[in-house]
Amino acid sequence: MIRVQAVDFDLGDELKKMTDGNTGIGGLCSFVGLVRDMANDERISAMTLEHYPGMTEKALAEIEKQAHSRWNLDETLIIHRYGRLEPGEQIVLVAAASAHRGAAFEACHFLIDWLKTKAPFWKLEDTPGGGKWVDARTSDDEAVSRWNKLN
Amino acid sequence: MIRVQAVDFDLGDELKKMTDGNTGIGGLCSFVGLVRDMANDERISAMTLEHYPGMTEKALAEIEKQAHSRWNLDETLIIHRYGRLEPGEQIVLVAAASAHRGAAFEACHFLIDWLKTKAPFWKLEDTPGGGKWVDARTSDDEAVSRWNKLN
Amino acid sequence: MKILYFAWVREAVGKPEEDLNLPEGVASVSDLVAWLKQQDTGYETAFANNAAVRVAVNQEYVDLDHGISNGDEIAFFPPVTGG
Amino acid sequence: MKILYFAWVREAVGKPEEDLNLPEGVASVSDLVAWLKQQDTGYETAFANNAAVRVAVNQEYVDLDHGISNGDEIAFFPPVTGG
């Protein structure tokens, strides 16, 4: 399941819903991304996430589909927020449930790595020097490239 | 933090406590292990987890310490239950919070891989053919060996 | 066709979107970029370095040599930074 | 010294723990295993294959040649299967 929303989500509720009633699931791996108060040695007072409505949902659905084609998964979940977020707030949740822990871990890691390089979101950080668009990181490209090798 | 307990835990509450008030955390990775209703093509009606009180706590504390020595982590958590558990019930929770997602993912994966081969727990499965002690799996030894190479 | 701009590309261009009839002689994304740069300095700033801009046509990533036609939705934006 | 047994090792031995004075000539874990196997068939079953049994002395994993003394807590159990 994918969701793109401005409002916060309840981490416990979301994870619980993924496994409830499915006793074939042996492992649930999840990752939550949070707004940090610092970036590149500058204090961040808030962050605004812009996205491309329509394409965002298509990109996330494609990422989820890719995960299911690569691993044997019972459930996957991607929730990504947009709008203004303050330090400590949840930005994104990705999770994968499977009979086996290896698949759950790898799929979850894959979901966030792909999301970071494919899903059309952009972060604008409020710093003491004004608003700054976050630069894409080479390390994110490297992180996703290791999944391409597995194709 | 480590906890060994018979009672269930609230996944959402436990994860929330790890990040609350620490706005330096950028990522929280968690893994929950659940009782499956099947193993080796046999139906499992329940599972009983035996452990070695005293050594269990020492082993988990050592695993947590190892994780902190290998990655830059803000928080780690290991909760492992013992006693009788039914399909769908939570067995174990491991989680790692860090400024960066790579460290959170790797540390979380490390925690569960090490726990599976080092923490003194044993599973007895109730099957139609009676109680069966679960055999240690070669794949678990292989999973932990990749972390040894990183030493 | 509809053109969308996001993040600092949007700020440079000065608007989030615009409707346009396919200009004479424009057959690909790179043709469109070249044409836009002749219209206003905002586009010149936005497309000063093509390597810094990503393109989607009808919500799919494409290369600069991708062909375009009048009904298309074309989006320009920086490399993504969500997650 | 205190000896603990877990999981199927416990079931084979028939008790979860016992107190013992270090027997004459027993200096290592493997000495102790050999001595136990002479006492009762339950121990013979439990220790039929040493490779299938793990040992901890004072709650730390050790090898079979590890030395033991009277104050030690010694535990025998199968490879662990938690998580």
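In order of appearance the chains are A, B, C and D, and numbering begins at 1 in each one.
One rule holds for everything that comes next: contacts are C-beta pairs under 8 Å (C-beta built on N, C-alpha and C of every residue); 3 or more make two chains touch, one makes a residue touch a chain.
Quick caveat, the model's predicted, so the values are computed rather than measured.
In summary, no chain was found to touch both chain B and chain D. Chain A and chain B have Cα centroids lying 23 Å from one another. Averaged C-alpha coordinates put the centre of chain C at 73 Å from the centre of chain D.
For this pair, chain B with chain C, the centres built from the Cα atoms lie 49 Å apart. Chain A and chain C have CA centres that are 26 Å apart.
Contact with two or more other chains is made by residues 83 of chain D. For chain A, residues touching at least two other chains, in rising order: 33, 101, 112.
Every pair of chains that touch is listed here: A-B, A-C, B-D. Of all the residues in chain C, the ones that touch chain A in their complex are 4, 6-8, 56, 59-61, 75, 77-83. Against chain D, in their complex, chain B makes its touches with residues 33, 49-52, 54-55, 58, 80, 91-92, 112, 115-124, 133-137. Remark: chain A residues 10-13, 15-16, 19-38, 87-88, 99, 101-102, 104-105, 108-109, 112, 139, 143 touch chain B in the complex.
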